[in-house]
Amino acid sequence: MNDNFKIDEIVQGLCDQKFDFLKHSLRIRVSMPSVEKLEYLVEKLKTVLFPGYFGNSDISDNALPFYLGATLDEIRKILLEQIRSGLCFDCGFDELTCSNCEDRAENIAETFLIKLPSVKALLSTDVIAAYNGDPAAKNYGEAIFCYPSINVLTHYRIANELVKLGVPIIPRIIAEMAHSKTGIDIHPGATIGSHFFIDHGTGVVIGETAVIGNNVRIYQGVTLGAKSFPLDENGKPIKGIPRHPIVEDDVTIYSNSTILRRITIGKGAVIGGNMWVAGTVALFF
Amino acid sequence: MNDNFKIDEIVQGLCDQKFDFLKHSLRIRVSMPSVEKLEYLVEKLKTVLFPGYFGNSDISDNALPFYLGATLDEIRKILLEQIRSGLCFDCGFDELTCSNCEDRAENIAETFLIKLPSVKALLSTDVIAAYNGDPAAKNYGEAIFCYPSINVLTHYRIANELVKLGVPIIPRIIAEMAHSKTGIDIHPGATIGSHFFIDHGTGVVIGETAVIGNNVRIYQGVTLGAKSFPLDENGKPIKGIPRHPIVEDDVTIYSNSTILRRITIGKGAVIGGNMWVAGTVALFF
Amino acid sequence: MNDNFKIDEIVQGLCDQKFDFLKHSLRIRVSMPSVEKLEYLVEKLKTVLFPGYFGNSDISDNALPFYLGATLDEIRKILLEQIRSGLCFDCGFDELTCSNCEDRAENIAETFLIKLPSVKALLSTDVIAAYNGDPAAKNYGEAIFCYPSINVLTHYRIANELVKLGVPIIPRIIAEMAHSKTGIDIHPGATIGSHFFIDHGTGVVIGETAVIGNNVRIYQGVTLGAKSFPLDENGKPIKGIPRHPIVEDDVTIYSNSTILRRITIGKGAVIGGNMWVAGTVALFF
Amino acid sequence: MNDNFKIDEIVQGLCDQKFDFLKHSLRIRVSMPSVEKLEYLVEKLKTVLFPGYFGNSDISDNALPFYLGATLDEIRKILLEQIRSGLCFDCGFDELTCSNCEDRAENIAETFLIKLPSVKALLSTDVIAAYNGDPAAKNYGEAIFCYPSINVLTHYRIANELVKLGVPIIPRIIAEMAHSKTGIDIHPGATIGSHFFIDHGTGVVIGETAVIGNNVRIYQGVTLGAKSFPLDENGKPIKGIPRHPIVEDDVTIYSNSTILRRITIGKGAVIGGNMWVAGTVALFF
Amino acid sequence: MNDNFKIDEIVQGLCDQKFDFLKHSLRIRVSMPSVEKLEYLVEKLKTVLFPGYFGNSDISDNALPFYLGATLDEIRKILLEQIRSGLCFDCGFDELTCSNCEDRAENIAETFLIKLPSVKALLSTDVIAAYNGDPAAKNYGEAIFCYPSINVLTHYRIANELVKLGVPIIPRIIAEMAHSKTGIDIHPGATIGSHFFIDHGTGVVIGETAVIGNNVRIYQGVTLGAKSFPLDENGKPIKGIPRHPIVEDDVTIYSNSTILRRITIGKGAVIGGNMWVAGTVALFF
Amino acid sequence: MNDNFKIDEIVQGLCDQKFDFLKHSLRIRVSMPSVEKLEYLVEKLKTVLFPGYFGNSDISDNALPFYLGATLDEIRKILLEQIRSGLCFDCGFDELTCSNCEDRAENIAETFLIKLPSVKALLSTDVIAAYNGDPAAKNYGEAIFCYPSINVLTHYRIANELVKLGVPIIPRIIAEMAHSKTGIDIHPGATIGSHFFIDHGTGVVIGETAVIGNNVRIYQGVTLGAKSFPLDENGKPIKGIPRHPIVEDDVTIYSNSTILRRITIGKGAVIGGNMWVAGTVALFF
């Protein structure tokens, strides 16, 4: 080690007060949400939604309900813990608000689980859409096991349910996992109907306030984005204003097209590839 | 736990008969293909194709043949097992068809290994193309060790060989691994000549029936895709029809261009970026 | 095992002399750089740059300096080892050049650590830019913990510092890790000012000689690339010539636009989406 | 590497034909029993026998039956596989005998599971004996969770059941695991009644044909062994002859005593420590 | 699966009410003590007590205080959590008693850490005794790194400190870990002076109320035990009565000797091997 | 955290100068020997000595030489590294002595490997002895795979070879591993002939200067120890003097017997159990 190398000074430099906003302080004994545990959670949810495809594929048919029940109980525990971490992350660890966060987390976790069969119902339509939409698909199983579309929509439909239950940060983390693996970036707050299919998918972006109908098919590189957004008096973006497109039922959007602003792509429209659509006119070809 | 939370009811909801097509049932004691084992398999194949770069880098030169032999034997075992799982996945576990699937799997696995030196020969041309095609490349080693192009082509050339040997599902899984890591989606059924180079690569899509000649170079976001496909009398897409472009020797396609349909990009053509080519005319600039 | 399957022959085929350039030979007992160890290294650097968000989130405030010091010492050891591997990888294991590579590696590692507070200062401006640039961002913490932009810039700013210290290969590996996870490909040699923000990001490419000013914002699929490059007398690309764009302060570039060649995008410009800019004219809208 | 170091020669030396009896050859595609999988199996059996103490301690009470069912199904699969390996290990991989070994293994595995509640009943008496026999025990939980006696008896009672079902080698492996952890060596073929307690236990040896009644307590270092054994005409020991002691109900044997040969320690006897008992007289004090 | 194999029935058999005392029910959300976490804890304590020998051996000398501080903070967290689990395990999860168990656990954990330097001081005398007591010892380092005596005494002195602070169950688990690894069973409640050395050690038993002076040396197989114990009116052993020997300073006890009851081995005594001492006379030779 | 809890003060207490002999300082960049790596090493050696029993049991017969060669190369690397650490541990990191320690380590590692076939030859006699000596043994495989005797003798014969090559500390660590797992403590410096068998074994101790002939059989709890040892003028034990028994060919020693001092047990003797032999007379019965 060289003489001019002083660990203490570097430590001091890194602890400078100006960096305080880059630090997450532990308060009242609640940890940060854990990406590892959330990944485990989503894996477990996949074993429940598509049994035999994910998780243990060697389950006897008559043992399946036991596995589902045991897995749901495990999911409940992890979900409760992570939702609580998410609530604390968001509320700034205010002791008053946090006083009943464990109970709130438990309520949310259980409500989420009660809704799981309806999440599964929606995903089942996405599986059908993937199989019908791709001439290369051999059977439902291939779509379930291999398709980025099903992977990202599983994450999205789970995360979206948590958004609707008021859970902060956790849905975003779940969505980013899928973004990282598939290159498809669906904001968990977006609204997406049944039978949705994304082919190939890398580079797709679907914004927070986008609304997508049923039977929609989009290809890689499609953006449903915002173009600019109003600032408040402090020059900060105003949060929560609808700023992404509405895509109605039965629309197809080809690869690398960019649709910006709160415009509407009408029912049954087909948007060509490499298009830039930021006006009020929907293009067909 | 709240009183209205009944695990049994959720389990029942998730086991509804309408969801049966989302379940993979174990039959005649053959497990699903395993993504983890296939990842391990590809890692091992990399140590054989690029010894010293992947796997143990501390091998003595005179011990290398021992390592190769030992690794090939391990590869043979895993490949046999996974190919068998793939065959069973595809054949619907029909006991008759499956009766000799272990022998079929062994034959395929061994034929694949016999072809490995020719796979390596093709990959060696891709390494040369990567080094020559990128001014930022310092040496062959950097291309082998760091370039997404070599990574995805290693997966593709392995998977393509398995496609040619009639292995179902496994090639697709191997291709998706690389898609997830590199953002490059090459269908394992595509046909690709020697000296192929993909720069950066995120968003590239190469379809199942695409045909690519020698010395072709493409950039990130390039799609060689299909635009629409004929449906059969039941409204299902007809599988297996040539529907993707033919790219002849010495072609360069710049970033984010989309080439659709069974058109031909002539020898030596240079396609500009952000192009949409779906007609019969090849564009040069 | 079938009779025509001869491991020895395959081994022989794979060891053919023509493949020698695909093999990495161990010399003078220095291993290859290790992707696993570099991933661990970057994780550790993140715990130092954003304490409490990455690594152990359960650190008591008054124990933080101890953690930082201990982690910095661990980083120093791994960095020293990996830089040394990088130096040896590059120098072709020439015994003369390598004679003092351990000392050189130690010097570089320590200089890097001394610069860490200034790296943190730059990253702190990127966090501010991410929060201000995205109406969906709830707080700084969400940007730090979830945004691909912060993830990829952390990798880039670390890798760029190593480039400036003359470290070969290692920066490239660190950049590729982030490319793989985020789909954003920033060459570690690129020059990027403060307050940089990449929204969504999949498909972004920033070339080796690109220069980006302060307060720049770009979206998914944007390429700052080269179009062609001069060859030397042997037909090999000449390395190191400026061939990527200059982007001045306060520029915004919308999604999927491609900017090629050494052109300049002037201060405050706004480039629309799906643009192809390869001439000398900057387009505004 | 030195010049006189030739890997090939060492390999040759190690493969000498005279060493063939030290090699286990793979035949008809059945692997060796796996110590790792058997350890996992016993862990799983412990979670079923002592729920909440071993395995996941965070199970909701009303989810317990689901966990038990799921775990039993997992146990069935591993047990089937390992019993089959054990059968093949023993039968010398004779293709004829092995033809139905998978079915035999399944039958045995399922019969074993059906007997599990009675195994649990016996172990419950051992827990009571441990608690009553040690003034240092605070509650049943401490005995279940911490006592070598319960640990080794769990292994023994599982292994003994498998012996009774005719499973080769597997019981021995399960017994050795406990021997290694506790220093207590109970042959899985021994016969042991209810309410058995071994205090401290290190060095205890209980031989294959020993018979132990109910309510017996022994201390560390006690041997219930054989002294010599008849040889057959080839000078090999004759297998299977009763050669270890019979210990009747309510006996206590203090530490480091050695009881050899087929003698009987009568009901209620108390054997002092450091005794050597190889005759026909039982010593009391 | 055979027809007579019914998972439900086995589950029912295992859940029989008579087995309720073998089940650990989760209450008020506090998990069982974790053997894995306690093993990690003891490993971390060893890195603090013998820095450079255990844990990371590549610490720079001037970074050592940082490592110690960081490790102590980590130890504090784990200890707090495990002590709390231990308190809940013992108190029967009575909500009233448990109300402040997190605060009690924190107090105990911190008090323990404050005493750590005095634990280290005692252990340093044991290291000296091991080095001086064994002609085969080459240096202190070998004793610290390899000797079962130091290993088991590290566990004992940690566990004994926790006993003195009133922590239930946790000390027992820590002692059993060492028992399993070394075959030496020292009850954490025993009292042991400085400069203690156990040679070889397998089979040694030291009971809960044993008292050992300074400079004592014992060999493998030595028992300091109880012979019988008074029962209460219910026939249960009365807990906590002194029932093990007192061994005064400078005593040596050779291998496999058994000393029972509350007798005193006088200062400087040498007990021969394979002795059985249960009377009031100390034997010398 | 309580106010009186000051990490700094505890750190200071633990760093007190009086504890310096408990610290291992890193010098000239050589790490401590690693127990984990040595465990891995011994596992690898077992796969070479008993192929198919340990390590991968699914090796094809014709691939075995490849596995052996590859494993030997890996063993060579780890052994070289660990021997070097051992040399540095012992020499006090004296820069002069250490100057060629890497070359010395390589020489020793390679010499060791050259002797491996003769180690295997000795172990093959121990396997025969175990099979012949235990009426419960079903076949050679069971002895190899399950018997503590073979396990501990594998460790011993490896460690003893390293002792003869002058390697410090490493043999002791390898011996302690087996001691911990089997309860059998054989000093790696002891001299042991062929066809050695230890039945059950827990508590056996064989001292550094013990000499054991061929065809010897001992049982659990047998000690071949020293009783006292001469001190030098400083009161320290004089190292290296023969102080343990000589056991001639064909001797049997029953359980828990203690043989002390440099006495000789004559050829063919049978020592009864629980004996204490410290004089010059060998006892028969």
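Should a chain be cited, it is by its letter among A, B, C, D, E and F, assigned in written order, with residues numbered from 1 in that chain.
Definition applied: a residue touches a chain if its C-beta (ideal position, glycine included) is under 8 Å from a C-beta of that chain, and two chains touch if they have at least 3 such contacts.
Just so we're clear, the structure is a prediction, and the values are computed from it rather than from any experiment.
Listed by label, the chains touching chain B and chain C alike are A, F. Averaging C-alpha coordinates per chain and comparing to chain D, the farthest chain turns out to be C.
Over half of the residue numbers at the chain B-chain D interface are used by both copies of the sequence.
Centroid to centroid, with C-alpha atoms defining each point, chain C and chain F lie 48 Å apart.
Mean C-alpha positions place chain A and chain B at a centre distance of 26 Å. Looking at chain C, residues 1, 7, 11, 58-60, 63, 65-66, 68-69, 72-73, 76, 183, 202-203, 221, 256, 274 sit in touch with two or more other chains. Contacts between chains form some other arrangement here, matching none of path, ring, star or all-to-all. Pairwise, the chains that make contact are A-B, A-C, A-D, A-E, B-C, B-D, B-F, C-E, C-F, D-E, D-F, E-F.
Here chain E touches chain C in the complex through residues 56, 58-60, 63, 65-74, 76-77, going by the rule given at the top. By the touch criterion given at the top, residues 1-2, 4-5, 7-8, 10-11, 13-16, 18-19, 21-26, 31-33, 89-90, 168-169, 172-173, 176, 179-180, 183-185, 187, 189, 202-205, 208, 221, 223, 225-227, 229, 236-241, 243, 256-258, 260, 274-276, 278 of chain B touch chain A in their complex. Partner chain C is touched in their complex by these residues of chain F: 1, 7, 11, 29, 60, 62-63, 66, 102. The touching residues of chain C, counted against chain A in their complex, run 48-53, 57-61, 64-65, 68-69, 72-73, 76, 106-107, 110, 113-114, 116-117, 120-121, 123-124, 127, 132-136, 138-142, 144-146, 148, 181-183, 200, 202-203, 219-221, 254-256, 272-274.
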